[in-house]
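Structures follow.
Heads up, the next two complexes both have chain A, just with different partners, chain B and then chain C.
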Partner chain A sequence: MPATLNPEDLDAEQRAALEELLFRLADDEYVHGERLIEWQIYAPTLESDLALANVAQDEFGHARLWYDLLEELGHTEAELIWERPADEFRHATLVELPFAEGDWADVILRCYLYDAAERLRLDALVDTSYAPLADRVGKVLSEERYHLENAQSWLDRLAEGDSRDRVQDALDRLFPHALSLFAEPDHEEAIIDNGFRTMSTADLRIEWLETVIPYLESLGLDVPEPDEVERPSARGRDGTHTDHWDELAAEFRRTYEELEAPEPARIGRERV
Partner chain B sequence: MDLETVKERAGPRQFAPKDDMPEEYRKAATRMIQFHANSEVMGGYLEKPFIRQAPSIDRKLAFSAKVQDEIGHAQLLYRAAESLGVKTRDEMLDELARGEGKFLNCFHYPMESWHEVPMIAFFVDGAAMHRQATLKNTSWTPYAHAMDKVCFEEGFHVKHGESILSELMNGSKATQEKTQAAFETWWPRIIQFFGPTNDKSVHNDFAQEVGLKTKSNDELRDTFLDTYVPKAEKYGLVVPEYPRIEYDEELDTYHVNEDDLNWDEFWTIAKNASEGSHEQINSRSQAQAAVEWVRESMHSWEGASGAGTPQAAD
Partner chain C sequence: MSDVSADDAPDATACGHTEYVDGAVPEGFPKTGVGATGVEADIWDALYEIEDPEMPVSIVDLGLIYDVRVVEREGEDGEAKTLGIVEMTLTYTGCPARDYLENDVQCAILAAGVDEASVRLRFTPEWTVDMVTEAGREALRKFGLGV
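Now for the complex of A and B:
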């Protein structure tokens, strides 16, 4: 089905459904980027530093694309990022967790779990009915492919020898949070019925599990049983978050608040 | 090649790895390029927190790209330094982690608020651009090649720094005052960026004789002031009374009264012995030690499979 819907075509219900989908996309990328930049200057080598910085840069760029779509629907950057209450952010808890110092296994595994899910989610948006989204998915998808390759090429190595225990620790810790990527949206039915996304969240979850479990097991890792995992009380998608999130949100808003809410600067482009 | 021949032939991009360069030249060039590479890393370290703290998504992207560029520059420069055959990149990175590697004076000071950001991102980067533009004519060809790419990218960084300064100086009165206060703190350090005056510089004469440097510290500082004093004033900053800066009408150039600058502080920093040096070197060093296990694993994978390590994109 060609993408035919534009902002002016949406009724209130369609709009709410689309916004829920876009907030999840944008917030995931934004917060994932915020954590990844912590590794700049701190990665094991200059090459791995550059590669990860490149990924973080892409994630911020994608977040901006998705927030732009929300601006097209009438929101402002200030509302979307700088003044939105922290408990209205819809990212999965996986991307907000801090890193223990030197825990390169965590960042690599986190990227893998996230990027594998992101790829499936974007695949399910290629044939979206919403034209502005359809226009952007291709570019994002091509960059996400590289992220997944980078994560896998590291994982293949980290899972050999002594470092495997570190990967296993990270997996035990992160897997329950990764499952929160697939919490069903409130507007799931409208998202599917209107063709905004072409695969259900439940099916995406199944496909993700069928992708990551065999791969991780092939590396000699023990993957927790998805339905038996003890889930953290914070689920992310519903606005509940771990304590780390408030701290992170306060940090990235520090200057904005210090400057008393300046109009967020644009560089070399016009406001939508 | 003997030293006399080097001095005779010294000129832009005159020497390359195929030339048999005397030890004095190779050591001086290594010292200079290693210092430059270290400064890229430590400058990136100082600016990194402001990726997170940038007050707009465009500024965040610009800052994140910038820190990434600095790492890329370090990579290029360590390669250019390695090409002299004196030290390997790993040796230079180890020296930096151990606190023995030297780097620019300005990157030894902490940077704590957004008002300070343009002091680095506009003035220090502007000073660096000013110096680096002359290094496109350095005699060591790999260094000059690195400068081509570095200068191109730094041009964007300085523009972004200028845009931040302009935004701050068009902000509320309180914002303007805080920016002015940051300027007053940073201004003497920025002037000292160019190093000691010619008569006190240890390496200046030799580096110029063999064409590694094409301008003296004093010449660079004076021409920097000619451009940046008017720029500071254009945005409403007031240049502090001290250090005294005098305009020489005859030569049509600004000149700083060197005695007004704190050279004890400068030399303490030059030895990596200031409080900020310890803080900045140690926290990076600690972070590097925390991922030593990854580097060790990498060595064993390379040994086992002969495969390369994952590479950066682009």
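Now for the complex of A and C:
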């Protein structure tokens, strides 16, 4: 289906479905970036410090592109990021968790699990029916490729020798939260029927499992059985989050609140 | 962003370790304002004056400008207004100078004498170094960058 739909073409149901899809995209990228920057100055080599900084910058860039599309639908940056109640964020709990104290295996494994999912999700948006989204997906996909390569090249190294136990611990801890990436949206049917996304969330989950499980097992790791792992009570996608999220949200908003809601540095940007 | 056509399908060329990928330049790019007339030509001239924040090269020669057009529409007071529209891209999505660039472009449009200005970001086709013009390459070489 060619990308022919624009904001003015949407009825209320289509708009609600599209917004749910966009909030997930934007919030995942934004919160993942927020956590990654905590590694600044702590990464184990200068190159990996720069790499992670670069990945975080990309994720913020992508979050901005997705929040832009929500702004085109009438939202404002203040409302989307700085003043939205924390329990209205729709990111998966995977990206909000603090890192296990100084654990490089945690950040690398998290990046791998997340970036593998992100790649599949974006692939399923390349042929979206929504024109403003179609315009941006290719650019974001090409920037994401390096993220996955970076994570895998580190995982290959960490899985050799003693550090494999740390990767295994991180996997046991993070895997249940990674599954929350694939909670079915409330508007799943409308998202598919309107061609906003061309693969169902259930199929994305299957494809992700078929990607990450063989790879992680090839590194000698035991992957928890997806249907048997104990799922956290916080699901992320429905607005329920771990306590860590409230702390992180308060932290990244502190300066905004101290400066009493500064206007972003732009003049009269017009959306027509 | 309301007029992206289906012809603008993303170009899937990329390499692993850099955003500045080599790729075929899509038909009609880079856009340089050749053949533009009237107010549109004036907007192109003003855009040539805007330099990239990191390198002494015009954003037009960098290949960032995707379209310039002037349309007429009815203002709130019922009078006809001219609206200058610039479609542009960014070299990468995390560009920290995006707001500054958009503001500069906004000012360039208004300086050409239209009533209203609109800057729209587009990411299809994806920007590549091959979209840098010959004049842009020359400016970058002088700056010490080979492209």
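What we mean here is this: the second predicted complex is superposed on the first by the 265 of 272 C-alpha atoms of A that agree within 3 Å, B and C clash if a C-alpha of one lies under 4 Å from a C-alpha of the other, contacts with A are read in each partner's own complex, and residues count from 1 in each chain.
Operating definition for what follows: a contact is a pair of C-beta atoms (placed from the backbone, for glycine too) under 8 Å apart; a residue touches a chain by one contact, two chains touch by 3 or more.
All figures in this text were calculated on a predicted structure; none of them were measured in a lab.
Applying the stated contact rule after C-alpha superposition, one finds that A:Tyr146 touches each of chain B and chain C. When the two structures are aligned on the shared chain, A:Glu251 is found in touch with chain B, with no touch to chain C. Legend: residue contacts after superposition of the two complexes on their common chain; A:Phe99 is shown touching neither chain B nor chain C. By the touch criterion defined above, A:Gln57 reaches both chain B and chain C. In the superposed model, A:Tyr67 makes contact with chain B only, not with chain C.
Contact with neither chain B nor chain C is seen for A:Tyr215 once the two complexes are overlaid on the shared chain. Of the two partner chains, chain C is the only one that A:Asn6 touches; chain B does not reach it. Annotation: chain A residues 57, 60-61, 64, 146, 264-269 touch chain B in one complex and chain C in the other. Contact residues of chain A toward chain B in the complex are 33-34, 37, 40-51, 53-54, 56-57, 60-61, 63-64, 67, 77, 81-82, 101-102, 104, 146, 150, 153-154, 157-158, 160-163, 166, 251-252, 254-256, 258-260, 262, 264-269. Those residues of chain C lying in contact with chain A across their complex are 1-2, 4, 6, 8-12, 14, 16-19, 21, 83, 85, 92-96, 98-100, 102-103, 106, 116-119, 121-124, 126. Of all residues in chain A, only 2-4, 6-8, 57-58, 60-62, 64-65, 68, 72, 126, 131-132, 134-143, 145-146, 149, 264-272 touch chain C in the complex they form.
Across the interface of their complex, chain A is touched by residues 41, 44-45, 48, 50-62, 64-65, 67-68, 71-72, 74-75, 78, 93, 113-114, 160, 163, 167-168, 171-172, 175, 284, 286-291, 293-295, 297-298, 300-301, 304, 309-314 of chain B.
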